[in-house]
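In what follows, structures are represented as structure tokens.
What follows is chain A paired twice: with chain B in the first complex and chain C in the second.
On to the complex of A and B.
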């Protein structure tokens, strides 16, 4: 559990079965706003806080992974190159090819780095004592979603040959009768250019946020219920309750790892889908 | 009783998304069972549908915290 969770749990530790003891305080949204260690003194910045440290760790992990797998390239792949090729082929065959076909292979650098980076940022939520997924702060996925947003608009304009052509193709569905267009065009504009980047960022953010809150609640509840000093009967019951909470914490941590992978996959999949849609003629 | 109406709103918003995700994966399983060789493209499409539906539930979750 994170340091904030520890502090939070320590306040209410062993409160169960203590007459007049503290009530259970569930972890609040405050754990997602760690106090900064240094301030940039710039408007709209949160300062140098835990998120920035974890972001640097995630970036270093991805860079190291790519350096390690790509440093000695040969026709017969060694162990490290094999792992790199496995990752690359997974992203290409499961994400890029089904969405864009062979045309999409030139976007593989973007997609592979997006996948690895989002996955690394999510997995930061499982590192002991630091546990806080970087993507549980909306700014980080929003930045990545903005990159994808700009990319698919630029790709669309280039592929369709002109700004007007691209936007016409994107917001005016072909084959629709003319009298329905006044309703359809605003809906298409809102869904394609406003809702789409927003949900792209919020999807991974909200999942990580909810998952981390769930784990923090299990950790805090387990600590709250741990009260062996409450007498032989109630002490045993409280330790059993606490053990159940610990078990749930471990099980849900494993479950979170699956969700983290799935969200990184879905984020990359949608990026490929958006670029692919912009690429093909309407 | 204490608490926030937002949580109830989130619960209601999740009903639709829950039904939707159930339909997507149920139908997806059925499609894979009927045609196992089409597993790859079907799986990709299942996850796209899942992601689009899940956005509704997650919007409800975020708004439950955002609107006080």
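On to the complex of A and C.
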């Protein structure tokens, strides 16, 4: 449970079966707006808040992982080297090669960085007492989506040999009759250059946001229903209810870990898909 | 609510957080690009090389073993061939020795037989001579006794004996011929 979740839950703890006690208050989206410890007092800034701290933790974890797995290299791999190679080969053989083939290997640093970074930011939602996925703040996935957006446009321009050629190939579907182009071209522009980066960022953001809200709800409900002082019968019932909610919290936490991995995978897969499409002639 | 900022749009993009995120990503990307990926790919390539090298070495060893085997096989065949040749030679020599020994034995036997024949002939001649002398003496003696007179000279004596012997021989030959018939 995050500190905010705890605060929230503490207010309504033990509310069940307490005559005149507080009603259940489900966690609101406010948990995704931690108050900053230092504010810059500038428009469109969040200040130095929990997200920034967790971002630093995630970055440090990824750096540590990279150092730990790539530090010793031998032909017969040790444990740490094996984990590093497993990760590298997973990104290469499950993401890069299926999307781009062997010529995608030069984008491996980008893809591996994206995968590790997004996964680490997602996993911040599972760190005890701090838990809040960094990607549940759209600012972070938006930055990464922007990097991928710029990358695939630059790759496309280089691969197609010119700005005009690339954009023509990207927005004018080949083989379409001329009279349908006035409709098709705007659709292609919107879908390829506006909706694509937006959905790329929002997909991981929304999943992490919803998943965290779900976990917070289970945690808050478990705390709210925990009221052993409500008499022998109601006390037992409340403890059972509370236990069920906490069990669901644990199960969904495990489930959430799978989703965190999957979203990092999907984010990287889409990045590889976009770059691969830009590389191919239309 | 405690500790919560005023509620905002959940789809907000904060510039400072965006920039921090990009800096963090740049750090990670630098580490991956300069440190992790080159090391990992280098090691993967080295491993592939060493595995291929191992396969190559195994192939070479196999070829070498095959060559040695071929050599041994040839040597063995060679040994078999020379053994067979020796055997044949020995057989031929044996046959030659036997033939030679046979030849020698035959020659020796012939020589012995001839020697024996010669001896027999000599003995016969001698016996014949002796017999003739004795028969002559006996005949003379007998004739002297019968005729009562001694032949005067030895020439006439031997003439008489020869005649007598011729008659004897003829008679004996006739008798032999009659017996054969």
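Please note the rule applied: the second predicted complex is superposed on the first by the 279 of 282 C-alpha atoms of A that agree within 3 Å, B and C clash if a C-alpha of one lies under 4 Å from a C-alpha of the other, contacts with A are read in each partner's own complex, and residues count from 1 in each chain.
We take it that contacts are C-beta pairs under 8 Å (C-beta built on N, C-alpha and C of every residue); 3 or more make two chains touch, one makes a residue touch a chain.
The shown structure was predicted, so the numbers you read here are calculated from the model rather than taken from an experiment.
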Query raised in the report: If you stack the two complexes on chain A, which partner ends up touching A:210: first (chain B), second (chain C), both, or neither?
Result: first
Query raised in the report: Given the touch rule stated above, what does A:269 touch, chain B (first), chain C (second), both, or neither?
Result: first
Query raised in the report: In the superposed arrangement, does A:113 touch chain B (first), chain C (second), both or neither?
Result: second
Report task. Using the touch definition from the top, say if A:29 reaches chain B (first), chain C (second), both or neither. Result -> both
Query raised in the report: Looking at chain A, does chain B or chain C touch a larger number of its residues?
Result: C
Report task. Applying the touch criterion given at the start, work out whether A:236 contacts chain B, chain C, both or neither, answering first, second, both or neither. Result -> neither
Query raised in the report: Of the partners chain B and chain C, which touch A:58 in the superposed model: first, second, both, neither?
Result: second
Query raised in the report: Is A:191 in contact with chain B, with chain C, with both, or with neither (first, second, both, neither)?
Result: neither
Query - Common interface positions of chain A, toward chain B and toward chain C - result: 29, 202, 209
Report summary line: In the complex, the residues of chain B that touch chain A are 40-41, 44, 47-48, 50-51, 54-55, 58-59, 61-62, 65
Query raised in the report: Once bound in the complex, which stretches of chain A touch chain C?
Result: 3-4, 7-8, 11, 28-36, 40, 42, 44-47, 51-52, 55-56, 58-59, 62-63, 66-67, 69-70, 73-75, 77, 81, 84-85, 88-89, 108-110, 112-113, 116-117, 134, 137-140, 142-144, 147, 202, 209
Query - chain C - residues contacting chain A, complex - result: 1-8, 10-22, 24-25, 27-29, 31-33, 35-37, 39-44, 46-47, 50
Query raised in the report: For the complex, which residues does chain A have touching chain B?
Result: 29, 93-95, 98-99, 199, 202-203, 205-207, 209-210, 262, 265-266, 269-270, 273
